[in-house]
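Encoded as structure tokens, the structure appears first; notes follow it.
By letter and in written order, the chains are A, B, C, D, E and F; residue numbering begins at 1 in each of them.
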Amino acid sequence: MERPILDFLYLVSIVFFIVGLRGLSHPESARRGNLLAAAGMILAIIITLFYPFGNTPNNYGWIAGGILVGTVIGSVAAIKVKMTKMPEMVSIFNGFGGACTMLIAITEFRTLPPGTELLSGQVFTVIFSVFIGSVAFSGSLVAYGKLDGFLRDSIRLPFPQIVNGVLLLVIIFFGGYIMMMDELNYTIVLILLGLSIIYGITFVMPIGGGDMPVVISLLNSFTGIGAAAAGLIYGNQVMIVGGILVGASGTFLTILMCEAMNRSLINVIIGGLGATTFTGGDDKDKVVKEASHGDTAILLKYSQKVLIVPGYGLAVAQAQHACHELESMLEKEGVQVRYGIHPVAGRMPGHMNVLLAEADVPYDKLLEMEEANKELPTTDVVLVIGANDVVNPAAKTDTGSPIYGMPIIDVEMAKNVIIMKRSMRTGYAGIDNPLFYGDKTKMLFGDAKDSLNKLKSEISNA
Amino acid sequence: MERPILDFLYLVSIVFFIVGLRGLSHPESARRGNLLAAAGMILAIIITLFYPFGNTPNNYGWIAGGILVGTVIGSVAAIKVKMTKMPEMVSIFNGFGGACTMLIAITEFRTLPPGTELLSGQVFTVIFSVFIGSVAFSGSLVAYGKLDGFLRDSIRLPFPQIVNGVLLLVIIFFGGYIMMMDELNYTIVLILLGLSIIYGITFVMPIGGGDMPVVISLLNSFTGIGAAAAGLIYGNQVMIVGGILVGASGTFLTILMCEAMNRSLINVIIGGLGATTFTGGDDKDKVVKEASHGDTAILLKYSQKVLIVPGYGLAVAQAQHACHELESMLEKEGVQVRYGIHPVAGRMPGHMNVLLAEADVPYDKLLEMEEANKELPTTDVVLVIGANDVVNPAAKTDTGSPIYGMPIIDVEMAKNVIIMKRSMRTGYAGIDNPLFYGDKTKMLFGDAKDSLNKLKSEISNA
Amino acid sequence: MEIIIQFITENIVMLYILVLAIYLGMEVISKVPTVLHTPLMSGANAVSGVVIIGAIWLIRNAEPDNYFVLIIGFFGIALASINVVGGFAVTNRMLEMFKKKKKK
Amino acid sequence: MEIIIQFITENIVMLYILVLAIYLGMEVISKVPTVLHTPLMSGANAVSGVVIIGAIWLIRNAEPDNYFVLIIGFFGIALASINVVGGFAVTNRMLEMFKKKKKK
Amino acid sequence: MQIGILKETNDQRVSIVPETVQKLIDENNVVMIEEGAGEESFYSDDLYGEAGGRIVKRKDIFDKSEVLISIKPVEDDEISKMKKSAVYITSFQPFLNDKILPVLGDAGITAMSLDMIPRISIAQSMDVLSSMASISGYKAVLLAGTHLPRYFPMLTTAAGSIPPSKILILGAGVAGLQAIATARRLGAMVEAFDTRLAAREEVQSLGAKFVEVEGARDDKAAGGYAVEQTEEYKNKQKELIAEHIAKSDVVITTALLRGKRAPVLITKEMVHRMRPGSVIVDLAAIAGGNCEYTQKDKIVKEKNVTIIGISELSSTVPMHASQLYSKNILNYLKVFIREGQLALDFDKEIISSSCIVHEGVIKYKS
Amino acid sequence: MQIGILKETNDQRVSIVPETVQKLIDENNVVMIEEGAGEESFYSDDLYGEAGGRIVKRKDIFDKSEVLISIKPVEDDEISKMKKSAVYITSFQPFLNDKILPVLGDAGITAMSLDMIPRISIAQSMDVLSSMASISGYKAVLLAGTHLPRYFPMLTTAAGSIPPSKILILGAGVAGLQAIATARRLGAMVEAFDTRLAAREEVQSLGAKFVEVEGARDDKAAGGYAVEQTEEYKNKQKELIAEHIAKSDVVITTALLRGKRAPVLITKEMVHRMRPGSVIVDLAAIAGGNCEYTQKDKIVKEKNVTIIGISELSSTVPMHASQLYSKNILNYLKVFIREGQLALDFDKEIISSSCIVHEGVIKYKS
């Protein structure tokens, strides 16, 4: 086919990318968005395969081989990986993308014809591609290692900020030096490559646990920028625009992620460099997982069956109206929502009844403890709002506990447990609650009313 | 300055346009967005004034004169125009933009060097500019005339769909014909211009009252496309991108406006062509103005003082909780919200008290009728929720009315009145309510609970 | 067909810009609340006055004695200026109601 | 300075595309709910595998006996394919939970 | 004018409270209050004195007043003690007791009957029936609650769950609606029934359930066989209500038919079918009662069901009842007393309907 | 085991309801019920019969039962009629009445006192104090409402506006909290006070206002002069409460001190300062009352203030009170009766605290 047509089709695949990414940012359209982006990619690859360069050798065999190998590995990995290991996967995939950029750039540098004007956009682009691809590559691998746990979080460099700063300066000067040289020097670029790889490692290494996703997102945007830079080498629009799209949205997403954690990007990186945010926990079994309002909202919205277990905290927060609103919103989304009322929830007999009646929750939505426990195994999400003792499994197991023997609402039987309270403080009985550290449990900290209101707006936006 | 720099500065002004338009779509940033876009425009104009074309005559005197005249007229008109006449203004401004495109295009056609390849992109661009500029011009003037009332809505063409269809075909063929000709023919383009102007008139003429804003928005996007086309003539990026931005966002906005009216764009235009949607009202005083949820939400959110007047409809809809929620949301936005309780609102003594107490509205937010009436002159918005008789001014004025003499909450003293009810039906007393046709009144039809919930989400999004 | 291919060849980069700009134009105004429909329309209208640049271009390149072009250009500039100046000013007036700051 | 001006001159259209694409990249993902952060990241990551096109380009233009380039290209394609295929597949899996339709 | 406030003989309320006395005096009237008139409603003579009223003996009121006010009519022999031209305002209930008309005529006075004020919009502020019925409805629920051996609300406690009590309100007029609201507030499960068409929506507007034969509306939509179906429908409805009565813990009845004996809604047999401990509050007791077992002004127990026939419950909330009553009368007086002068305008519907005897001439037509 | 349910002599409740009888029988017990034991709480002998209980004479219960249950202790002379090895379960209140201990010892029986069950989490399901207090709190509000000459809720009507009544709850324990909830439901403006630290939050968790000296927390934060300030603070607090009492339409007091006379919270002088028509419900009447005018089990009027001293209000809601009581006892029995066999394990806190006499040996230490 003729070039202009193919160029035009490239444009179509770009549109696919754009619409796909856009779709990915809304729950209803996310799946479709992903498929669209994938379709765009397939289109772009096909176009490239048949793009008329003139009389090129093509080497389709090699291409087919590479694609085959990559496809098999990629799809097997994607299918086999456990849901909990997804971030690791994303990280390593990203590293491969970066590696590809790196390989291309280094090869292109090597094939630059002798006598090329070194102080040119072209050379700069190549060098930049080498750098960014390498950093994305090695950084992602480190991130993968840290997430997977085989790289210990505790490996530290001395003065990481300084090491990193110096390294970066060295790389920049080195790059400038290459461009100022009289002649192409391939070896020296290999050194740059090495330095970049090292920089990728030292950049990611000091950043700890909870900040990992932010770093992966940042590295992802690096890969995007790398792809765009590689695209500049070839003057290929789809690479440029596609890469820039990922670079821009990746950066923006990184910032959004930081915001969701109430941190600034600088803070994450510098903090990472300074290793101040990292607080190693040796008490490995007692990990508290925090939920975000957004996650919880989606979790609730896409459930079939939700049980709300209210406790004294609901009353303290005077969140009964907000709670009923949330319930109505979910019901409108087709979620079945009911309340599990523990006999001693609150501080007086019938405390929960008074509250919920005030908010006009219909009586038939209230389940007594026994009924609630029967429903739990088929319940998708339990929302524990300001309750503590009444869902404390220590009552079943810990003979030494002052509440031992008290029947509880056994929320751990459900698939997910979200606990809304302000802190890790204990309830009336003054005892710790092992539920908070449970596998299925996530804590949503904050005043119950505030949290419920946030959930409501998240649900209506999601 | 050197061209590349100026080209780059053009890019800056485009970014200003983009950021400006983006800002204009959010209430908080709308003013800033407008100013940004204006700044972008000034930048673009300055660049153009000094853009080095080589040794051109420049004719700065003429330019200065034109700008001066336009600025004076434009600013005086903008300052003098009454708030209620804004749409007319926008329409006529838009027409001027179209006219400019038209003038440029026709001049450029005239200055095409003899022997120009007629079947070319260049000529097509010029012809298209002539067409779209003329349509935007004459269409906008007609829209202005209709809005202003000096063009009677009732002027009708026979079979407008057919006339328009035929006219459009003629223009297309005519354009094709010009491009197929052997030589440039200036006169024939003037005929095309004439036809286009006529088409603009016949296109807009049959579209009636409520659909006018949609048409103006559509014409606005035409002007944008015209500007882009004119930009193509000169290969000027800022015109192209700026024009396309307006064209695209204008089209999209047109669709959004149609959606907000629950109509499709086709329906508006065809309906307009068929003149089916136009229902002339001779009873000019009795015009009911409908409010949208979005408008009402913004109105409420940006008020200082709001009074809610609940009535029996609030009870029927069981909307007390939603109402309280809305009130809390507004209070959080810094709006002072109170309730005006009429002694006989509802169907039993204290009906409103029961409802509002259930929703936990604090007692001190409730004003009795007399207090409420005292507050009204300084109240920005009165939200009448399902009340009717208790706000019926006929009780004051119409001696024949069965409620004559009953004290009412005199909501017309406030600056804006929004009435939420399902229809134009009467209340308990079975009498019509002149308030609904009042100058300050807008009706928000629908079940009170639904409407309140919609308002809530609009407010949280706005 | 050929002419189209030729057109694409000549203008492929333009097409990219066009498509991106169109998408961007739609994207930036997505989710505009209804109450902003009119101000947005008005603001966009003012931006469409960018055609004034064409008129300036025209006049700057016109021979000083080519009164036809000069006069047409003059009117073009004047009309477009009205569009620009009046447009932004009117929009600004419409937006006056959004002035109020939020207190928390 | 000169080199920059030269660069701008050469690449002005590219710059336009770049700026528009950057803005568009940010715009399309504005307002993404937190729960979609990870899938979006993963999807964007898959798109960044577009670098595979460069690798194909490279290999198609390589001499059939230039094994250095061929092998590098082969690895490049393989790695990028993993990124693309695995990326989209993983994203799809992540999004499985959003499958449920809403009943009203 | 000289306005006299009489002490009630068998009622805890008082027709005018001190606050209103002040207002009347502001309008150039002289107000005399019988000694101890407000005692039982906690308005002491001192308060009246402070408001500017003169505390006088009952006899003085009859002797001097141009306008006399009481809640319940005084004994017939006292009527004759009034001045010939006097205006006497109270609730005569002429439709129940037309023997009073000649007495009033003979006394030559003008008799204004508050219960004859038409129930039109502008007269709402004078409508003592509404304000008193509202109190009765409220109090009926409290009374039922104190006599019920059960909780109203649902309570889930360590000692097991208490289901909410079921309350059925028959007759959703002013009293019925207020009863619904109060019972709902206390957390009971509330159902109601009324024969008026609008009642269904009104009941639902308070969040309660309306007792209705399933598919009733379908029947209506069918049209055509209107009368026949209506009969069938009515029977179904009756049966349904009987069932609901049997299942209810509390039934509050308020069905009145103006000028007639109250309809019997709860038969003896229905009472027998009720659960032990149930309570019936019959606000129609004054007009014969909606329940066959009702005894006026008594609380009786039948087959373990408590039937409360205290019909004038408003009198048991004397402070606020008097306050509302007083405001109603004030608004009423404004219609025909201006600047201390009587101005009876018989063109006004309010006057023409409520003035049952004018200067000895009987105006009331039954 | 042979379980005997005694009829109360001066109480409308019954200790075991038919539903529980069934459950006891399921656990291999024989249950005897005194004739008419459930009459006043609307559980007829028939119902007990249907549940599998044997209706017997009082004498038979004493003669045959291995376990006897009542709500209030029987007279001393009847205790001696019990079998030597019998277990008698009731509320002895040994901290108020230690004279009963030798009587129980002499009878050689095992006496389990329900009010001595420790208030620990697992014992909540046996806590009769809580379940009864909860009912009292609820009923206190209804009672106040019936005696109050005012409306509780705010009402805006055509006859003017009724402001909401102000209710003050002193002592926010189980009864107090329930009273707060009930009063709030009825639309009153509710304030409360308690000396317990946690009470503030608990009161607010029901949407009511806690009466507090302004700046109290600042004082606390200051630290150092803790004791001195506390004294000053207490005085301020007292004054403040006196003021609030004067402004309240209803005061409900529930302050009890275990084993002591109830603290006096409302002095005579404070009563005099209250508005006419106000109502005090003193739930501490049984322990001498929180108000100086309180007379146990009587309703008195002092200076136009009604003071209700009916302390065992739970007895006036006999159906549900009995049901909760019964469930409490069932849960309690489960601790020491398994498969129809007695198994008193004194290692258990519940047993060691609540068994005040074991086979004639007095275990109670005051």
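Assume a residue touches a chain if its C-beta (ideal position, glycine included) is under 8 Å from a C-beta of that chain, and two chains touch if they have at least 3 such contacts.
Not measured: the values here are computed from a predicted model.
Visitor: Shared touching chains for chain A and chain F?
Guide: B, E
Visitor: Chain by chain, through touching neighbours only, how many steps does the shortest route from chain B to chain F take?
Guide: Steps on the shortest route: 1.
Visitor: So which chains count as neighbours of both chain B and chain C?
Guide: A, D
Visitor: If you tally the C-beta contacts for B-E and for A-C, which one comes out higher?
Guide: Answer to which pair has more contacts is B-E.
Visitor: On a CA-centroid basis, which chain has its centre farthest from chain F's?
Guide: The chain farthest from chain F, judged by C-alpha centres, is C.
Visitor: Please identify which chain has its centre, taken as the mean of its CA atoms, farthest from the centre of chain E.
Guide: Farthest chain from chain E, going by C-alpha centroids: D.
Visitor: For copies chain C and chain D, work out whether under half or over half of the interface numbers are shared, and give different or same accordingly.
Guide: Counting shared over all numbers used gives more than one half: same.
Visitor: Suppose each chain is reduced to the average of its Cα coordinates; what separation in Å results between chain A and chain D?
Guide: Computed value for the inter-centroid distance: 18 Å.
Visitor: With chain centres taken as the means of their Cα atoms, state the distance from chain C to chain E in Å.
Guide: Centres of chain C and chain E (C-alpha means) sit 72 Å apart.
Visitor: In whole angstrom, what separates the CA-based centres of chain A and chain B?
Guide: 41
Visitor: Measuring centre to centre with CA averages, how many angstrom lie between chain C and chain F?
Guide: Using C-alpha averages as centres, the distance is 80 Å.
Visitor: Send over the residues of chain F in touch with two or more other chains.
Guide: 124-125, 130-131, 134, 153, 155, 157-160, 162, 185, 187, 207
Visitor: At least two other chains touched by the same residue of chain C: list those residues.
Guide: Within chain C, the residues that touch at least two other chains are 13-14, 16-17, 20-21, 23-24, 27-28, 31.
Visitor: What residues in chain B touch two or more of the other chains?
Guide: 18, 22, 237, 241, 343-344, 349-350, 354, 357-358, 360, 461
Visitor: For this structure, give each pair of chains that are touching.
Guide: A-B, A-C, A-D, A-E, A-F, B-C, B-D, B-E, B-F, C-D, E-F
Visitor: Contact residues on chain E for chain A in the complex?
Guide: Against chain A, the touching part of chain E is residues 153-162, 164, 187, 189, 207.
Visitor: What does chain B use to touch chain D in their complex?
Guide: 2-5, 7-8, 11, 14-15, 18, 22, 237, 241
Visitor: With touch defined as at the start, can you tell me which chain D residues reach chain A in the complex?
Guide: Result: residues 3, 7, 10-11, 14, 17-18, 21-26, 28-64, 68-70, 72-95, 97-100, 102-104 of chain D touch chain A.
Visitor: Considering only the defined contacts, which chain D positions touch chain C in the complex?
Guide: 13-14, 16-17, 20-21, 23-24, 27-28, 31
Visitor: Which of the residues in chain A come into contact with chain D in the complex?
Guide: Per the touch definition, chain A meets chain D at residues 17-18, 20-22, 24-28, 30-31, 33-35, 37-38, 40-41, 44-45, 48-49, 51, 53, 56-59, 62-63, 65-67, 69-71, 73-75, 77-79, 81, 83, 86-87, 89-90, 93-94, 96-97, 99-101, 103-104, 106-108, 110-111, 119, 121, 213, 216-217, 220-221, 223-224, 226-227, 230-234, 236-253, 256-257, 260, 292-295, 297-299, 302, 304, 332-334, 458, 461-462.
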